[in-house]
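Both complexes below contain chain A, partnered by chain B and then by chain C.
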Partner chain A sequence: MSDAADQIFVLARRSVVRTSRQPAQWIAPLVFPMLLLAVNSGGLKAVTHLPGFPTDSYVAFALAVPFIQGALFATMNAGTELARDIQTGFLNRLALTPLRGAALLAGHLGGVVALGLVQACFYLAVGLAVGVRPASGVGGVAVLLVFAALIALAFGSLGTWAALRTGSAESVQSLFPVFFVFLFLSSMAIPRNLIQQAWFRDVANANPVSYLLECVRSLIITGWNGEALGLGFGVVAAVGVGALALSARALPQRLAR
Partner chain B sequence: MERPNTIEAERLVREFKKGPRAVDGIDLRVEPGEIYGFLGPNGAGKSTTVLMLTTLLPPTAGTARVAGYDVVREGPDVRATIGAALQEAALDGLLTGREHLRLQATLQGLPRAERPARADELLERVGLMEAADRKVRGYSGGMKRRLDLALALVHRPRVLFLDEPTTGLDPQSRAALWTEVGRLAREEGVTVFLTTQYLEEADVLADRVGIIDHGRIVAEGTPAELKAQVGRPTVEAMPADERIADVLARFGEPVPSAKGVAVRLAGDADLTAIVRALDAKGLLVDNLQLHQPTLDDVFLAKTGRSLEGAGDEEEAASRGLAMQPAA
Partner chain C sequence: MRLASVARGVAWRSLHNVFTNPSLLIPQLAFPLFFFTAFAGGLSGVSRVPGFDFAEGYTAFQFVFVLCQSAAFGGVFTGFGIARDFETGFVRRLLLAAPNRTGIVLGYAVAALTRWLVTATFLTAIAFAVGMKVGGSGVDLPALYLLAALVNVAAGLWACGVAMRLRTMQAFPVMQFPVFLALFFAPVYVPLHLLQGWIHGVAYVNPLTRVLEAGRSFIAGAPSEAGVAFGVAAALAVLFAFWALRGLRSAEAAG
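Coming up: the complex of A and B.
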């Protein structure tokens, strides 16, 4: 293994080890989305009777939501952990080694992606356990996991950028409600074409989170849907590339070396 | 050919936006294998100087070279040469001591096969072998400082920066750290740049001392040289008795004493001669003390203030509080 790969690996491992040793960091992203899924599936089951609703299983419809919630937790965790490293001076310790900035970002985000994948496998396992069968088959599950990893990377990069800009764990955490507003103003609970309120439908149409949800949903409910996949991967690529570019720009200032 | 592990700075300046000039044109040179003590109160500019010399903060003006490498233009070479334990022991409370050392060894590019042995060697050296597999959040302040030192040494640096390494430590931990730092300089030829606000630490450990105040070096030399600049030792005798004062006056210039009588000794006077003179007069003395000048006396002579409490005074001033004159 090259020096750079070695460095990325140990930083990613540190990220995973840190999370595993803080139960609140991994229990919340696993349990809360499942609780919300259970509540929504029970309370909104009647929605499946609406003409044009894409499935008769609300659990299958709502299973996409935990994937996005998991990404929000990834954003929080990635940002908070990095901000804490800045606040404690641990980032200065890293800055005093020959570690390259790109390797630092890659290692940090590598851990976030690994945890995002663990979350995605858990959500999928719960879905399978309650009878959801992905319409796109085994291949679709593989694509779903890749998509989950990319969402974790993209949103983790956003959290990383926030941490690098503010240097404060509290500031990063204050972003959480903002992200949740995006989630609630999307097609989270009902397909966009069935939203009756015009303003809400317009907001959901403009909200990129809707397309992330529909990408996951297409793989679970409708099978291979090029448009949904294209929009979903397009949104995640745009967010990811943008956030990574911003993080890469902010890192040298924060390393100050 | 390996460059000499010196530290040099010329007219080094660091200004902060809307703030004071934290470092105001300092010049210094530290020789290979030397322990240089950078002594000053809180807020004097010690840590800012260390941050600049370790490439973590760019200077506003002036130049600095570490092991011959310019800290601005040759940052990676500087970082490959130095080890640093900064003011706060920046450790990850969720990792163990051994995990820290292995992480640091990897990031410093040590060969994979060498990492476990190097980690064990350093854990042994700083006395943390028994605690090696415990999470750092359970370590005492002294243990954290020792681990911090071990981490700074992983890649066998030739120049070591220690920013207030013993602040807040108990005397036993402080002595252990002094022993290790001394050994590094004497046996391994490591150049050590050590900041401290403890007079005793600079006195005991440093080959040379630079005293910094308000961003400027106000005095520099060996501890003995600096103390010699201030003057001769004083002798103080108790009780305050006019006849004792008369005897003492034969040996030097009288100086004020709160508890008894005192003189600053003249050139060749010594304590035994004073004892004989007092005995010859049949005078009984309860207490006789020889006071060598301290680095605090040097600081007092150079700045008009005592080092102890100077930092508090500056912090109060920076908060906009007027210091009340003593009654």
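Coming up: the complex of A and C.
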């Protein structure tokens, strides 16, 4: 294995092991989205009777939400863990080694993506267990997992950037409500065309989270929808590239040699 | 007399901490407003579901839920403050100094109620500003606030009891989670009769369902099940008062 690959592997393994040893870090991302799914799919089942609602199963419609909520947790976990490394001086000690900055980011985010994939498999398994059958079939499930990994990478990069900029776990945690606002002001609970309030519809139209949700949703309830997939992958690529570039720019200040 | 002076001191300190610290005050005001916006705005289409018959509209329908939610979480947030006071050692010093320790619990409960009243005023002003409709002549509205105040007291005493027993900030989820479940396993988005499946069964036996349904009837100007709702809310407050006082004894015993 090359030096860089070795460094990435060791840091990714450390990230995964560290997360697995802190139950709060992985139980919350698994349980909370499922709880919200249960509450919403029970309480909003009547919404499927609205003319134009795309499916008669609200669970299938709402199953997209945990994927995005899981990404928010990935953001927080990625940022908090890195901020803790900064606060405890671990990053300063790493700066004394020949570790490359890119390897640090890749290793750290590798762990986040691994957790994101575990989350996605769990959400899918729960969905299948309660009778949701993805309309896009096995191929769609594969695309869904790739998308989940990309979401974890993109949002994890955002958390990483926040940690590198602030160096404080508390500051990263304080971002959580901001992301939550984005989730709630999207087409999370009802399709955009069925939102009655014009101002809310405009907000949901402008909110990139709506397109992430609709990408996942299209694979589950409508099958292969090029527009939804294009918009979803486009948004996640834009967020990911932007956040990675910002993280790469902020890293040298924290990994000063 | 000693009870009142201890309660006044604890309540004043707790309120002073909240109202001079933006990081505590802003979430208390912003979160209910955010939920109100997200639910009343984003889900307004729910009012077109066949069988949805709440005449005052979806904004008023959701206002009642968000008001009760802000009341419950106002109480829980006060529990967070008590846990923080334990970790900093403040409550232990208070236990040594207070001539009547029951006043400590009373003081925290008064603080929870007072801070919620500020949130409720803010939320109400916003709701009317965005055109919320109230049925009847509005004379039933005070009953809605009284009902929500009882929810606030009950939730505050619940969180206080947990904080007194566990005495650590790590107890936050223990305070928050049952309240969250009780709130969201009630008819949040649609009336009880429109819920289907398992959630209807859960909501039917959930005591907060009575509170929400009565609260919505107050805002519609056609009170129904008021006695049951007040009975349930008062019973919860009394039950959790015992829970909090037993927690106080547990904290005393722990030293």
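Some observations on this one:
Quick note on the criterion: the second predicted complex is superposed on the first by the 257 of 257 C-alpha atoms of A that agree within 3 Å, B and C clash if a C-alpha of one lies under 4 Å from a C-alpha of the other, contacts with A are read in each partner's own complex, and residues count from 1 in each chain.
To be clear about the criterion, a residue touches a chain if its C-beta (ideal position, glycine included) is under 8 Å from a C-beta of that chain, and two chains touch if they have at least 3 such contacts.
Owing to the predicted nature of the structure, the values given are computational and were not obtained by experimental measurement.
Look at A:168: by the touch rule set out above, it reaches neither chain B nor chain C.
When both complexes are overlaid on chain A, the residue A:18 reaches chain B alone and has no touch with chain C.
When the shared chain is aligned, chain C comes close enough to touch A:42, but chain B does not. In the superposed pair of complexes, A:205 makes contact with neither chain B nor chain C. With both structures placed on the common chain, the touch criterion links A:185 to chain C but leaves chain B unconnected. When the shared chain is aligned, chain C comes close enough to touch A:50, but chain B does not.
Legend: residue contacts after superposition of the two complexes on their common chain; A:96 is shown touching chain B, with no touch to chain C. Overlaid on A, the two complexes show chain B and chain C touching no common residue of chain A.
By the touch rule above, chain C contacts chain A in their complex via residues 27, 30-31, 34-35, 37-38, 41-52, 181, 184-185, 187-190, 194-199, 202.
Contact residues on chain B toward chain A in their complex (touch as defined above): 54-58, 75-76, 79-80, 82, 84, 86, 88, 90-92, 94-95, 99, 102-104, 106-109, 112, 135, 151. Residue ranges on chain A touching chain B, taken from their complex, read 1, 3, 6-7, 10-11, 14, 17-18, 21-22, 85, 88-90, 92-99, 256-257. Chain contact summary for the complex, chain A toward chain C: residues 35, 39-40, 42-47, 49-50, 177, 181, 184-185, 188-190, 194-197, 199-200, 204.
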